[in-house]
C-alpha cells in the first residue's frame, strides 16, 4: 500500500443500530482490525451534519479512503456520494439488525456479524483506489450510420439535428431503401380528435410517400456526408475512436474516425419459393412488395395484372404467407405489419380500380394494434374492403388469375375463391451480418430436433455478408438475439448492445413499419451520441454508467491463455500482435468477467479486484471448529440477488447469522481463487447467487452468470483434492423477486453444514 | 429537494414511470440537466406494479433496480415526487413550468427506518395493490420505492395518529406542517411521459365488475401473482377458493366505441403471460381465452404458439356477451363462438378482464397546448414545439416499445436544448 | 311545486278498452297528485311500434312518428313530448334522432307530411314518463307525497327492454338499471336490487307470433321474481306488463308451474301510495289481482 | 369453367354487400362489423336463430344473397336492443334486421308462413285502416291468419286471456264495430302513401 493513503471509518448508530449493537466495539474493530486511522460514530450519519462530518474529515484530515458502516449500499446513495475518495460501505442495517431477531440469544451472533462486516468493508477499501481516466479515451462526436433506408436516413437527420456530424454509408446507388419504392404509406396516425363513430367518417387513408423529401433533406444537410455504392470493409477501435474503411464499388477506400455507430442494414423479402403451394410460380400471384411496383406503375390509374395486363377486378390478399409457421423453411415469426400493408394495398384498388373492385383479405388474427392500427382497420372497412377469417390451403391456377382455396372459419366452409390477382403477405427477413455466436448458448438444454429447428430458423434468417467487418476477436458483426434479428435481449433496455457503441435500429432489430423505424432510429441515434460522449470521458456505458474504472493486467504474469479475450461477453478484448490481451476500455462494460476468467489473477480494476474481494473474505474472523459458529460465504450479484436479500430483511425475513455476504458486480467476475481461498481459510460453505442464465438469461452482463456456472462446475475437483464435500459450494440462479427464497437458500447451506460438519480448515 | 435549479438548457420530464425514467436518464447520462416530475411518491409507475414481463417472464423490478441505481448516482438528475405540472408557458427553448407539490409530511431526514409506520394505527386501501390490501397511514409505498422515504397519508393529519408518527421519528423527518406548494422554473424542452391507466372496468356493465367479486381486472390479477402482493402470490378468489378455472376476456373496453376506440396492444400478450401464472400455479388448471383477434405482434408470435399448444388452455373467438353468476358466485361467461357458431355458457372460478390502457391525462386536462388524437394519445406534430411525448402517452405501447420511444424522445429534447446552447454560446 | 305541462302521447294500447287502459288511468291519477298536466297530442296516430317493418318501409314508419311530433309542435308548442308506452317513446325518439342525423330523410319526411299540411321542426324533446318522474320531479318530491307507504310488500323491478335500451334513463346502466328499485323504496316497499331478470326480454311483439318462444322467457322472468320472494312485479312498459301478466295461466298449463304473480305499473304503486282509491289506481285492471295493494287502497 | 366455379367467382363479390348498402335500412353499417359475435351472444331468442346477426353480416359479404334473404332468422328479432347497445362498432343491428326482413318482403322471398312476417303485415294493415291499432281485430285476424281451422283452435286457446282482458276492461268487444281512429284519416293515409312513393322512387334508383 502506498503511504499517501489515509483511512477513515464512520459508524452510524441510527435506525436502531446503536440500540441493537455495541457501537463502541464496532469502533474498536474498525480501528484495531480494520486499521482505520480515524473513526467516528454518528447518530444519524446521512443527516446534513453526518455528511458534513465525513466531508470535513476528507477535506481537513486528508482522508483518501472512507469506510461507511450504516445502511445498505442501496440506501442513501445520494447522501454518501464522495467521488473524490475511495469508499466502501458496511451494511449494518438491512444486512445485520433488520435481518436478525431482536432477542438476547441472537445478540452475540448479531454483533459478530456486524464486526465482520466492518472488517470486510475496511479490508475492501484498503485495496481500492479512486478510478481515474487512463488517457486512452478520445472524444469523437462524428457518428457512422450504415444503411441509407428510412431508418438510416432518420438516424442521420436526428443526429445532425442535435449538432453532430454524420457519415451515411449506403450499399446501393441511391438513398431511400425499400420505402422509396412504396406507392403510398401506412398512415401513422389515428383519427383526429372529435371524429365520431360512423360508416363514412374521416378516418386515416394511405399517406402520400414523402421519402423523396427525406432524401433531399439528407442530401441538403451539411453535417451529413453520404457515401453511395459503398460498404464498410473494416471497423476497428472502440467507442470514441472507431476507425472505419468505407469502400466504394470501384474499390476506392476512405478511412474515417467515429465516436459511435448505428447499424440500419434493414431487411429483405422472404423468398416465396419456400412456399410453392401458394402459387408463387403463377404470374398473377405477386408479393406485397411486387404489388407496390404494380400500383406505382399504374400511377393513379387502374392496377393491371401481370399475366395479360387485364385491369384487376378482384384481388385476394393471403396473409401471413410462410410466416408464423414452424414448417420447414418458413418464418417462425411474422412481420407484424402485413395486415396494415394489406389494408393499405386493398385501398389502392378501391381508389384506382373502382369501388366495385373486389378486395378480400384472408387473415388469421387481424393485427392492427394501437390507436392508428385499429382506426386504419375501420378505414379499410369503410372502403368496403372485405375481411375474412380464413385458413388458406393453397393457391391454384385456373387459367384466369388464380384461385385461393381456403377454409372460411366464420362460415365454417371450404371456399375456392377465384381472383384476377392474388397478393401474398411475405415476411421481413433481417439484413444482419453473420452471428458471432451462431449456435450460441441459446441452444443449451435444447433437444437435438429443437436444435435443428433452431438452426434452420437461423439459416433462413442469417445473411453471409458482413455488414460492419469488425476486427473484433469475437466476430465481425453484432451478435443476434433470435431468427437473425440483432435485437437487445432486455425488455427494459431495448438499446442494450453486446458491442458497445454500436446500435442496431429498424427492421434489422425487429420487423417494423416506417413510423416505428423512424422512432427506433431516433432512439439509436440518442444512444450513439451518448456512447460517443461517455467514451470521451472514460465513463462506462450502460449499466455501469459513470464508472471510470477499467481493467488492467500485469503483463509479466499473463500466460496468454486467451480466456479473457474469449469469455468477455462484449467482445471488448482483442489480442495484440504479441498475443497479449488488449482491453479497449471504452468497449468494456466493467462487469469483471475477464477478472473472473483469469486463472493467474493478473486482471483487476482500480475499485474492484482480486484483492478488494479476496481480502474481505480473509478479513472475516473465523471461529474455531468447535465454536458451533459456522461461516457461510455468500457472493451475491449486486443487480438482483443482493437487492433481494436487502428486501428480505426489509420485509422481516431472517438471514442466517453465519452468513457473510459479499456483493459482486456479476457472478462472472468471481475468481476461482476466492472460492479456494475461502475454503482454505475455513469457511464451511459457499453460496453463489447470480442471475438466470441460458436462453432467457437475466444476467445484465449477458454471459457472466453462465461463465460462472461453467467455472464452478469444475470446483468440485478442487474441493475433493482438499477432500471437502462438494456440496459445500453451490451456485444458484436468484431473481430480484426471490425475497423469500434467497434467505432460504442460505439456510439450506446451514443445514448442509450441519450434515457434513464444520470445515477442518479453521486455523 | 424542491428548490429546483434550472435553465433554458434544462429538460423537464413529466412522469416518472419507465418511459419518463428512461427519457430522463438517457438525457442525464448524455450530460444534460434534467428535472423529473412524478405525481406518485415514488418512481417506476405502472411497471413497478407488474409481476412479470412478456415474453421473457422476467421481473420488471430487475430493470427498475438498475434504473433506480442510475437515478441515484446521476448528479444531472433532479427528481421531484408527489408533484404535478399545472402549467407550461412559453415556447421551444424557453418554457416556464409551474409545478404543484403535494405535502409528503416527511422530509429528507427520513431514513426509511419505519418507526412512524409502526406507530400509526389507521389503515387505508393500498393503492400499490389496487386496493386489494391495506397499508398504514404512514407508509413506504412498496419495498423498492425510490425515494426510500415514508409518506404520511393526508387523511391522518390532525388525528392522534399523526402525532404518534411525529413522536416515533427520531430524526424529526415527520413535518406535519407541510402544505401544498407551487414552484416555477424554466426549461428548454419538455418530455411528456404521463403514461396510461387501466380503463375503469366498472363501466363495462355486461361483465359486472361492479357486481361480482369473482370478476377482476388484469392489473389486479398481476398483483395477485406477485409474492409481494396481497395474496402472497396465490391465485385465489376473495372467498379463499383456489382459482383454477380462469377465463380471460380480451378487449374488455378496447376496440369498442362504448369505451375505448383503440386496440390497447398489450392485453393479448398480458393474458397469454397471465395464463402462465395459472398453469404454473395448478396442475389441474383450466384457462379459457375469449378473443376477437390475438394480437401477438411480430416476434411475440412464438410466445402465443407456446400457450396455444398447452392442452389445458382453450381459445374461443368470441367477444363474451355478458357475465352472470351462479349461486356459489362462480362467474358464467355467455356468448357465441363465432368460428362456426356455437353457443356457450361456461362456468369459471374467476374471470379476468383484459382491460385496456387509456391515457392517464384526460383530453381536456393537458396544462400545455398539444395535439392529441381521438383516443386522447399525443400525436407527433410540429405544433407541439418543444414538447415531446414519450411512451404510452403517445399510444398503447408495451414496455419495450415505450422505452424505445422514450429514448428517441430524449434526443428530440436534446436537439432543442442544444440549439439553445449554440444560440447562447 | 309549479304545475308542469307536457304534450302527451298516450299510444294505442292505452286507449279506452285497450290492453293498457289501466295504465293510463293510474298515470292520470299519479299526475293529478304530482301536479302534472298532460295535454294529449290531438289526433295522434300509431307509431307502428317495432313491428311495422314488414308492411312499412323505413320512410313510411318514420312518417308515422314524424306526424305525431309535427302535430305536437303545432298544437302544444314548446312542450316536451311525453309517452307512457316504451314502444311509443322509443319509436318517436328514434324518428327524431334519425331525422336529425339524416337531412335527406328529413326533407323526404316533410314532403310526405306536407300532404296533410304539416311540417316538422323536430326539436321538441321526447321523454318517457319515467324520465319525467326521475329527472323533472325527483325521488324526494315523489316520496314527499306518500300517504300510505307500501310497507311489507316485496316488489321486483322489471324494467324490460325498450324503456332501457337503446336510450334508457340518464345515468342508469343497460345491464343493471336501479331506478325502479329506488322508486319502490321511495314508496316504502322492499326492492330486489339483485333481481337478475330486470332487463330480460319478454318477447315483445313476438308474444303473438312466436308464443312458445316468448313464453319461455316470460317464465324465467316470473320464476326469478319468486326465487327472490317477490310479492309482485312492477314495470314501466305496457307490453312487458301484458306479456308477463296475462300468459301466466298458459305457462302454468304448458310447464306445470303455479304462477300467480301480479304485475303492476309504477303508476299503480304510486297511486296507491298516494292514498288514492283502488279504482283510481286501476287495480280493477289487474288480470291477476294485486291483493296487497287493494288492501292498502281500501284501508 | 364449371358452374360450381362460376358460382364461386360470384361468391365473394361485393355486389350483395353493395345491394344491401343501397337498399336495406341502415345497410351501410354491415361493412363495419368485425365479427366479435357479441350480438349473437346477446340475443334473447338466440337459440331460434339459424344464422346469428354477426354471421348474417359475414354471409352478406360472402355474397350469400338467397341464404340471407330467404332466412327466417331476422324475423326472430324481438327488438330488445341488447345487440345495439353492446355492439363495439355501433351497428344498429335491430334496425338492420328489420331492414333485411322488410327488403326480403319487398322482394317477395319471405319463407312461407313465417308467423312474424304475417303478424307484422297484419299489424301494418290494421294501423293503416284507421291510423291506430285495433287490438281486437288484430288479435282475431292474427288467430285466423293460418286459416279458419287453425284460427278456431288458437282463438279457443286464447279465449281465457280474452275473457280476462274483457273482464278488466282491457279489451272491448264493441271495438269490432268501428273503434278508435284518427280523425284526419285521409290526411294520415296521404302522408304514408307519399312516404311510400318517395321510398319506392329512391330504391328504384338503386334498382332495388
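Lettered A, B, C and D in written order, each chain numbered from 1.
To be clear about the criterion, a residue touches a chain if its C-beta (ideal position, glycine included) is under 8 Å from a C-beta of that chain, and two chains touch if they have at least 3 such contacts.
Keep in mind the model is a prediction, meaning the values are calculated, not measured.
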Give me the ID of the chain with the smallest distance between its Cα centroid and the all-protein Cα centroid. B
Of the chain pairs A-D and A-B, which one is connected by the greater count of C-beta contacts? A-B
Once you find the CA centre of subunit A and the CA centre of subunit C, what distance in Å lies between them? 66
Could you work out how far the Cα centre of subunit C sits from that of subunit D, in whole Å? 23
Can you list the residues of subunit B that touch 2 or more other chains? 206, 255, 257, 317, 322, 338, 341
Mind pulling the subunit A residues that touch 2 or more other chains? 197, 389, 410
Which residues does subunit D have that touch at least 2 chains other than itself? 34-35, 55, 85-86, 89-90
Chain pairs in touch? A-B, A-D, B-C, B-D, C-D
Sites on subunit B touched by subunit A in the complex: 18, 26, 29-31, 51, 53, 56-67, 69-70, 72-75, 109, 111-113, 143-144, 148, 170-171, 226-228, 255, 257, 261-263, 265, 293-299, 301-302, 305, 317, 338-341, 363, 372-377, 379, 395-397, 399-401, 403-405, 407-408, 410-412, 414-415, 418-419, 422
Spell out the part of subunit B that touches subunit D in their complex, as residue ranges. 206, 251, 255-258, 292, 317-322, 334-338, 341, 343
Residue numbers of subunit C touching subunit D in their complex, please. 12-13, 15-22, 43-46, 48-60, 62-64, 67, 108-109, 111-118, 161-162, 165-166, 174, 200-201, 203-206, 208-210, 213-214, 217, 246-247, 249-250, 284-287
In the complex, the residues of subunit B that touch subunit C are 205-206, 208, 211, 322, 324
Over in the complex, which subunit A residues touch subunit B? Could you list them? 14-16, 44, 46-47, 71, 74-78, 81, 158, 161-163, 189-195, 197, 324, 326, 332-337, 365-375, 389, 409-410, 412, 482-483, 485, 487, 489-495, 510-512, 516, 519-523, 525-527, 529-530, 533-534, 542-543, 545-546, 639-640, 643, 647, 650-651, 691-692, 696, 698, 700, 735-737, 739-740
